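Two complexes follow with chain A in common, the first pairing it with chain B and the second with chain C.
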Partner chain A sequence: MKQFLQIALGILSAIGGFVDIGDLVFNTQAGATFGFELMWVVVIGVVGIIVYSEMCGRVAAISKRPVFDLVRERVGFSAGLGTLIASEIVNLLTCAAEVGGIAIALQLLSGLPYRYLIVLAVVGLLVLSWTLPFVWIERLFGYVGLCLLVLVVAAIKTHPSWGHVAHGFVPSVPSGNRLVYFYFVVGLLGAALTPYEVYFYSSGAVEDRWSAKDLRMNKVTAIIGYSLGALLSFALMVIAAQIFLPKGIDPQFLGTPALGVEAVLGRIGLILAIVGILFAVGGAAIETSFSGAYNLAQFFGWQWGKKERPSKAPRFALSWIAIFILAALIVMTGYDPVKITEYSVIFSVVALPLTFLPILLVANDPVYMGRYRNSRLSNVLGIAYFVLILAIAASAIPLMILTNGGKG
Partner chain B sequence: MNVTATEIDLGLGVLDHQLVDREGRNCGNVDDLELVGLDADEPEVAEILCGGNAWRSRGFFGRLAAALSGNATHVPWSEVAEVSSVVRLKRTEPELRLGRGDDRAAKLIDWIPGS
Partner chain C sequence: MRSPAAVHHTGVIAPKAVVLASALLLVAGCGGKSTLGPKALQQEATGLQSLAAEGGILAGDAAHGRSTSVFLRVHAQYLTKAAQASASTLAAGGPAATSLANLATNVARDLEGLSHSGSDRAQQRRLAAALARDAARAGKLGKSA
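Let's look at the complex of A and B:
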């Protein structure tokens, strides 16, 4: 019973924590540009994050090694340092975008000036991260983030043609500009397969001292939590396809999905959507800053861990504090958080192969994994996704340049 | 368990592995190894090099990082207690002069309540 409750709570927080600013931006823009045509990409992305999250959770539980520790050991110092630099840039940009997202959500709720709210957002994040244990942070942001389920209600209330929606789950010849279509394919996959989630998940598993008895919880939480979380991505796309596409609205503002909800459910829907966005991006901001600190500490072999008192792991603590402050400075420049999100998602795709390769290698290593090494199914899926990741990593930046960031 | 260089693959089993001190604290990585006896055809690991200019032999990014860092800390191989998925040391971090970066960083956050 206790384990069932633990799994249920894990699933709930996985749903609430599924959506981050990358999903909000790319799913909404994809729906507003191509209607339901790109639904199938979300399915591929979600299966990919399930496969690699389950794998890195299992590796962490059995080998007691987090991802960045393995990156360095498996690809060597130089390639590992290159991956570290790329990951830290992506983590910082993503954290900046999430901090900007919090400020925008607070502005929609309060009407106060954006720059003051950036300061308020980062001070709030610092205080919460310093004072609360992870379990409370996860509950606070994950459960309140469940307000985003209002997106699913709103999507249903737009009364889409379910036949057309179902059609979107099958890849088809794009109706518009093909390069823009493929840009969104890469962006949607990048938004679903975010490297920081993998770093955070595996480091958390090591900190929580997972063992073989946690493997079932790992698998169930990854499969059900992410699958249900994907409903939110579908809902964002349906709302954008139903509300924005017919009117030719280009969603260039983070609050646009909430306005879509308001069009269907009124003021209560709007408030629930904004609160959901606030807590979803808030939780993601904490995950990105801690992922950055985990990566640095694991690469250089420092003492790390949220459970450690900051004075016992001072370089780790200074790292996440510095990432929050740098992220706030980036958004204080006035650069649009939506643009920062687009860059961070596209650049994160480039860092993906060297993040996922060591997980795949160690998950197959009988010395580390013993009888818990990859099954044939995990390997088929893991290798297929690795090939896909290589292809999208090679095409991400050229597509961003050729399409002017999806504008065609 | 005492470990000798002949029992393990140094490239795969030691290099880039986590160093853990007697109290279980992470205290750096094996960034390079000092070998002796190569001329006599009896190679033996003399020291573990950790941090700073130990990175200079580790490719382009390693040379860059080494140029921006100080001297490496040298840990005699005789201080190694065990090699598993990590390299366990016989003494504590301060005794081996590892983790000096943590001391410097601690000064910056010690004033914050709850640290």
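Let's look at the complex of A and C:
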């Protein structure tokens, strides 16, 4: 019963924590540009993050080694350092976008000036991260993030043609500009396969001293939590397809998804959507800053861990504090968080193969994994996704340039 | 590695290239204001249509009491800033951009009015209709660009 409850709570927080600013931006823009046509990409992205997370959780539970420990060992110092730098840049950009997202959500609720709210957001994040244990951070942001389920209600209330929605789960010839279509394919996959979630998940598993007995919970939480979380992505796309596409609206603001909910459900829906966005991007901001600190500490062999007192792991603590402050400084310049999100998602796609491959190799290594090494199905999926990730990594930046960031 | 000949060669060409580029820039500058090409105009029109339509939805919701006053003010301000930026770009876009520039100015003014409309439902209804018309007009101008 206790384990069932633990799994249920894990699933709930996975749903609430599924959406970040990348999903909000790319799913809404994709729906407003191509209607339901790109639903299938979300399915591929979600299966990919399930495969990647399950593998990382299993590797962490059995080998007790987190991602960047393995990256350095498997690809060597020089290539590993390149991977680390790329990952840290992406983490910092993503954290900046999330901090900007928190400030915008707070502004939409309070009306206070944006720059004051950036400071308030970072101070709040620092205090929460310093004082609360991860289990409470997860509960706070994951459960309140469940307010985003209002997106599902709003999507249903737009009364879409379910036949057309179902058709979107089958890849088809794009109705509009093909390059823009493929840009959104890459963006949606990048938004779903966010590496920082995996660094965070894997490091958390090592910190919580997972063992073989936790593998079932790892699998069930990843599969059910992410699958249900994907409902939010579908809902964003349906709302955008129903409300914004017919009017020719190209969503460029974080308030636009909330406006879509308001148009269907009114004031209560609007408030729930903004609160959900606030906690979804807030949780993601903490995950990105800690992912950055985990990566640095694991690569350079520093003492690390949220459970460690900062005096015992000073460089780790300084790293996550520095990432929060740098992120705040980036958005303080006035650069649009939505634009930062677009860049961070596209650049994260480019860096993704460098961290996926070492995990795939170790997950299949009997020396580390013993009888818990990859099954045939895991290998087929792992290799298929590695090939897919390579293809999207190679095409991400050219597509961003050729389509002017999806503008055509 | 470049040969000494190549270095010498570029050393002779470079000043000529600079003079030629400067002359081209001067000639281009004598032509008057910079102009936006058809594709840029079309993109501005599409962006303007989007801003006006989004403002129209916001104004309609506010008129029906379906929004909050803070969301209305803040989101309309974001839309206003984007419309003002578009108006500035179009104002410097040459004669072909005049109609769109005027429309962008109207849209920016309507959105600003919306952000200050508070609880004035009648004004919000008027602005919802005006912004919907502006969106349709931007769409037409974009097609003819």
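In this section, the second predicted complex is superposed on the first by the 408 of 408 C-alpha atoms of A that agree within 3 Å, B and C clash if a C-alpha of one lies under 4 Å from a C-alpha of the other, contacts with A are read in each partner's own complex, and residues count from 1 in each chain.
Everything that follows uses one rule, which is that contacts are C-beta pairs under 8 Å (C-beta built on N, C-alpha and C of every residue); 3 or more make two chains touch, one makes a residue touch a chain.
As the structure is a prediction and not an experimental result, all values here were calculated from the model.
Participant: Since both structures carry chain A, what do chain B and chain C do when superposed there: clash or fit?
Facilitator: They fit: once the shared chain is superposed, the two partners occupy separate space.
Participant: Classify the contacts of A:Ile89 with the two partner chains as first (chain B alone), second (chain C alone), both, or neither.
Facilitator: The answer is neither, since A:Ile89 touches no partner chain.
Participant: Does chain B (first) or chain C (second) touch A:Ala322, or do both, or does neither?
Facilitator: Neither partner.
Participant: Contacts for A:Asp250 in the overlay, against chain B (first) and chain C (second): which applies, first, second, both or neither?
Facilitator: In the superposition, A:Asp250 touches chain C alone.
Participant: Determine, under the contact definition given at the top, whether A:Leu108 touches first (chain B), second (chain C), both, or neither.
Facilitator: A:Leu108: touches chain C, not chain B.
Participant: Considering only touches as defined above, state whether A:Leu120 meets chain B (first), chain C (second), both or neither.
Facilitator: Once the two structures are laid over each other on A, A:Leu120 reaches no partner at all.
Participant: Given the superposition on chain A, which partner contacts more residues in chain A: chain B or chain C?
Facilitator: B
Participant: For A:Ala258 in the superposed arrangement: first (chain B), second (chain C), both or neither?
Facilitator: second
Participant: Using only C-alpha centres after the superposition, what angle do chain B and chain C make about chain A, to the nearest 10 degrees?
Facilitator: Vertex chain A, arms to chain B and chain C: 120 degrees.
Participant: With the two structures laid over each other on chain A, which partner does A:Ile271 touch: chain B (first), chain C (second), both, or neither?
Facilitator: A:Ile271 sits against chain C, while chain B stays out of touch.
Participant: Taking the superposition as given, tell me the minimum C-alpha spacing from chain B to chain C, whole angstrom.
Facilitator: 21
Participant: Show which residues of chain A lie in contact with chain C when the two form their complex.
Facilitator: On the chain A side, the touching residues are 107-111, 243-244, 247-250, 252-253, 255-256, 258-259, 262-263, 266-267, 270-271, 274, 407-408.
Participant: Please output the residues of chain A touching chain B within their complex, sorted ascending.
Facilitator: Chain A reaches chain B through residues 63-65, 69, 72-73, 76-82, 85, 130-131, 297, 299-304, 309-311, 313-315, 317-318, 321, 368.
Participant: For a test of understanding, state which residues of chain B touch chain A in their complex under the given definition.
Facilitator: 16-19, 25-29, 31, 50-51, 55, 58-62, 65, 85, 99, 101-102, 105-106, 108-110, 112, 114-115
Participant: Which stretch or stretches of chain C touch chain A in the complex?
Facilitator: So the residues of chain C touching chain A come out as 43, 46-47, 49-50, 53-54, 56-58, 61, 65-68, 70-71, 73-75, 78-79, 82, 135, 139.
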